[in-house]
């Protein structure tokens, strides 16, 4: 007994020692290796493809990202990764981007931040200082972004927020953080606009949301927007982050019987909310939920309970943004919607994900790469300050729709959200009218009035 | 306050309470016999929920039958983790078992994630409903609570009506006494731990049938926490205590919501959590052996 | 020479790094009563615990019915009929008297004779029958000791080991219990290894006695012999 | 020499078992008292009531005329009551020196005592009890008699007025036992500590050690007196041997 | 008692020296290795977390699963100080004032929780502390105080106080230097405790609480004192790492039990109750994590193996192996086998 214990101990100690040695080796060798590969001081590196195109000197521009590939944002992280890779591949297939006479192909480097702010900082520093990345996709969520921001700013790198819909982070005076998606406070704008337009009779709104930073920002934004449209918010309640049973908070709605119910939070609670609304027989004229209904398996998981539920979406595969309908003052750039989906599917297949469609998280990340690439071209330089300046004047129209930022804060002001709805087991875009595939199903089937 | 609202509070408080009870007894069986607090408890519940999800979702096995599969899977997982880990830690300091069971939990979560991904999933097993006092009585939830009750009765019968159960209770009361009457205490440890895991995994299936959504690799964590509260309420180690405390806890959660929701400017359902833990502290201080122990 | 049922040779054992038994040898004859006497801390309880398998012997040999059981776990030994009534009784306090007895019949042998054993135990200890539904923890000291012995009898032992059965009991009850032991030997054909502080009474019922001190046997012999020597009292009381 | 300790009709029961039944006695300063009685006679329970680990169901305990029945153990230690355990309970992961130093630091003389002084006092006491050379050894690695000596040393380091020794010589060879008894006497004479010891069987020790003997049986005090009277008393012999020889 | 106990001071310095030396090496590496300063800062964070946690768990044997609540209390305390100052001015005063308020809040929380929960033992204590942590989180969210679920954002206020550049410095190098300082304070506090009567008392409690009680040690007092010291250090750590360095204090993040668990892992890997243990624990934990995440995962990725989340699957069995094979941890294992002289150093 004692002897085998000692042997186990020895084995354990040896294992740990080996790990420390390997770690130390990586720690030291990691540096040297990267330094050897650095080609120019601008941060571009000689790519592997350099030899294949001898006619023109092609260099590599590295874009980096801490992505949440494990932990609570793992799903979003995986989609973002594939969306970013899809756009990077598209740009490279177009021959890369041209900056001041040189052509650059893009390379995308990423590490898993485990959805943990304490991991993010060292990864961002590694990306900037060792992998010589000057342009970053920001991590998911405001907590992670806030932690990464001082380091990014210290090294003067640009971060594009593709997953953080937070408003607050952009009021903190960061210079180099730029938002791609519509901020949380404006999530339900399109949904409420739609109700206002198709049913002037609708008066009462109930809001039920998950008590979290994102969902609460959405809920409060929706509340004030609804009131500005003349709705009466009759119910405003939240539930804790990992609630399992929402019955207490939902049952009163049966008596209140609001015209419109909006809210939700993320995947888990959104599904639960939809299911329990259905089970408890709460049927307002419209149910609009955050995030969860945008996921393809929402209907698989819920069946009939999903029917008729609408959701605000940053993007849908069936949006009709195309080079043919570029709005006034905007310029088209990037793949078409079909091309994006095709590139995305290819990446997904390579990563063993099978035949799946991109979610809006993928589109967010892809759009961020496009916005960045165009800004670099516009700036004609890899200097982050110049690129950041170029972004101020950029008005881009892409497969993702409009992109334009507030020069002061970096907050996204151009992008509009669409409204999707589950109809007969399929997601269809029902708003805005010019982008819609079908009329909204309104009021909800089963609405008793 | 509407009559329907109060009726809903009692009805659904009781139903979820039964589920809480089933989802806690496993913790109690293991603590009672081995004096080990299973910090990985929730992960085993998660495994049960996935069992139902996968068997019903992709193979169409009727959900009540998936509980049987969960019990089997629980037996396998229980035996593996017992002989690989727990067996070596039975006499180790409490700290070691707390950390070890936590590590087992992580391993389960990450394995399930590696196989099924981190998506939140659900399924639809709709049995319809009846409407009483403007409250929908959802049959699938009733069915889940009944199945949970059946599990509890089976466990009760096992512990209070069989020889194995008698031996388990004997070990709980006096380990050395159990040795001298010829009980193989090591074997009782293995069986009790496995039994605890079996009922825990099975409770995951029951939970899945009740909620039918929100199934993801990390879903169990909240049940570890609530399980602790309920286990302590009922007296760590007590089977009936866990059940009664589960029902009381479900009612308490729902009732405190009803009261808190009368107050303006706060978020009642979120606060019920705080109150639940406040309750835990109070019980620990006043009667750490649980509410129903002499 | 009568046949020896239990033979312990050069037994060494202890707790952690602390050695308590330093090579003890003793034996119990079939249908015999051997008594182990000695001052507190001499290692009597450790001896019985090691023989019963509750602690693992470090070295030495334990033979029971001609079979080597040195390292057998306690449940195996109980199954073979080697049963301990431990010091401090170790009853199941929350369980009823009858449940305690049923647990005594946990082994195959015990289960087979369950009904009969129960009747027998109740006939030996009628007080237990009266209190069959009562929780064991609420019994008086004497009744608890009866229950502990009754529980052990349920396993249908061939050798019963008792660790200070009269501890904390009124002298009358202590003597009553020791008398019962003698009766059991006669009626049930039990062999007994007795650790007892009531020297006179135990020497009265024993066929052979050992005096141990500091984990070693310092004196052994038949009771009359030992009593005559007078050494016993001296060794034991230190007078 | 005034009265140091007085126990007044203390009772304690566990479940159906009466461990102490209206026990009363008192101890004067400077006495060496042995409490004897067979296993299970209530001695340990009595000790636990005196040092505060157990609360009696009824009755009171006075120390230096003060009612200490409700005081927690550490407060009693401050007043000057120290004890040893029957099964020695040194802190196994700490060295012998550290074990004794903790006694010095937290005993009645420990207030304001620096760690350095505590350690040097501990070194002295190690010599007094004869554990020289073991100062740096972890207590868990000592032999059983050494652990007993360590317990004694730890208790002495606490500079108590009353020292309760629980079966201090059980399991020791006569030689070791004599050594311990001599040490205890020395401690009483040099430090003026009153000693109450419980001794189960080793009557030779009792005779050599005690000035007064209290005999317990069945949770009651059977009789008390000088060793000479008590050890020959037929009742005592009966208690121990079952019947009069 | 007013005289300085020179003996205790000297022994404690001797005890602290190896740990301080290790932190000095980390400090040198922080500046010497380009592009790894944040990795070192991360190791530092976990080392200090382990160090602070260890003062309580390592010395008393109690597991506080809700320990992260102290870090949260510190983060909130620091933020409150900044919000109080913003608009009033006060420039760099925000750091000392913030740390002061953080310490006060953490200490009060520890005192309160300690007075209640430390009457419990073992699993009951562990469970009660989880309750405290979760209860606090949902209290903040449910009552919608201190920013509710959105949390407190203080970057802008810090920029107003000390300017852009100042904030930049404060949130990066300065925060890390303060963390090094905190590491030193934690080590010295631990070694000082170990060398005084309090240390003796705590060790006695850990080894055998009942014996300690019987020997006259006021067990409750020392447990609460250790709990408070541990809590204050945790509060300062939370203030530095989350409020100053992170600039956002969000309940979902700062009450995350994962941090407690990580603290346990680090202390267990290194060895409970030792000074060097948490440093080695943090080195192993973060080293393993970073290596697998940054170096091994991409290699596997390019070989077509999706390897994210791998480190957790690796970490769990390693943790199990350590607990079964060497329950005293790495440093603890060395310590228990080492001759007494070495033991003093390794402590």
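Note that the chains are named A, B, C, D and E in the order they appear, and that numbering of residues resets to 1 at the start of each chain.
Operating definition for what follows: a residue touches a chain if its C-beta (ideal position, glycine included) is under 8 Å from a C-beta of that chain, and two chains touch if they have at least 3 such contacts.
These numbers come from a predicted model, not from an experiment.
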Moving step by step through touching chains, the smallest count that connects chain D to chain E is 1
If you apply the touch rule, which chains end up adjacent to both chain A and chain B? E
What chain is the most remote from chain C, judged by the mean position of CA atoms in each chain? A
Where the centre means the average of the CA atoms, what chain is farthest from chain B? D
So how far apart, in whole Å, are chain C and chain D when each is placed at the average of its C-alpha atoms? 31
So, what's the distance in Å between the C-alpha centres of chain E and chain C? 54
Each of the following residues of chain E touches two or more other chains, namely 138, 141-142, 309, 312, 324
Set of chain B residues in contact with two or more other chains: 113, 267-268, 270, 273
Which residues of chain C are in contact with two or more other chains? 93
Who touches whom among the chains? A-B, A-E, B-C, B-E, C-D, D-E
In the complex of these two chains, what residues of chain C are touching chain B? 52-54, 73-75, 77-79, 83-86, 89-95, 99, 102-104, 106-107, 110, 151-152, 154-155
Show me the residue ranges of chain D that touch chain E in the complex, using the header's touch definition. 51, 53, 72-74, 76-78, 82-83, 85, 89-95, 98, 101-103, 105-108, 110, 112-116, 118, 136-137, 154, 158
Give every residue of chain B touching chain E within the complex, in rising order. 31, 37, 85, 88-89, 92-96, 98-100, 102-104, 106-107, 110-111, 113-114, 225, 228-229, 232, 236, 265-268, 270-271, 273-274, 276-278, 280-281, 284-285, 288
Contact residues on chain D for chain C in the complex? 15-18, 38-41, 140-141, 143-144, 147, 167, 170-174, 200-207, 218, 231, 238-243, 245
Touching residues on chain C, where the partner in the complex is chain D: 16-18, 20, 39-43, 93, 137-141, 143-144, 164, 167-171, 174-175, 197-202, 213-214, 233, 236-239
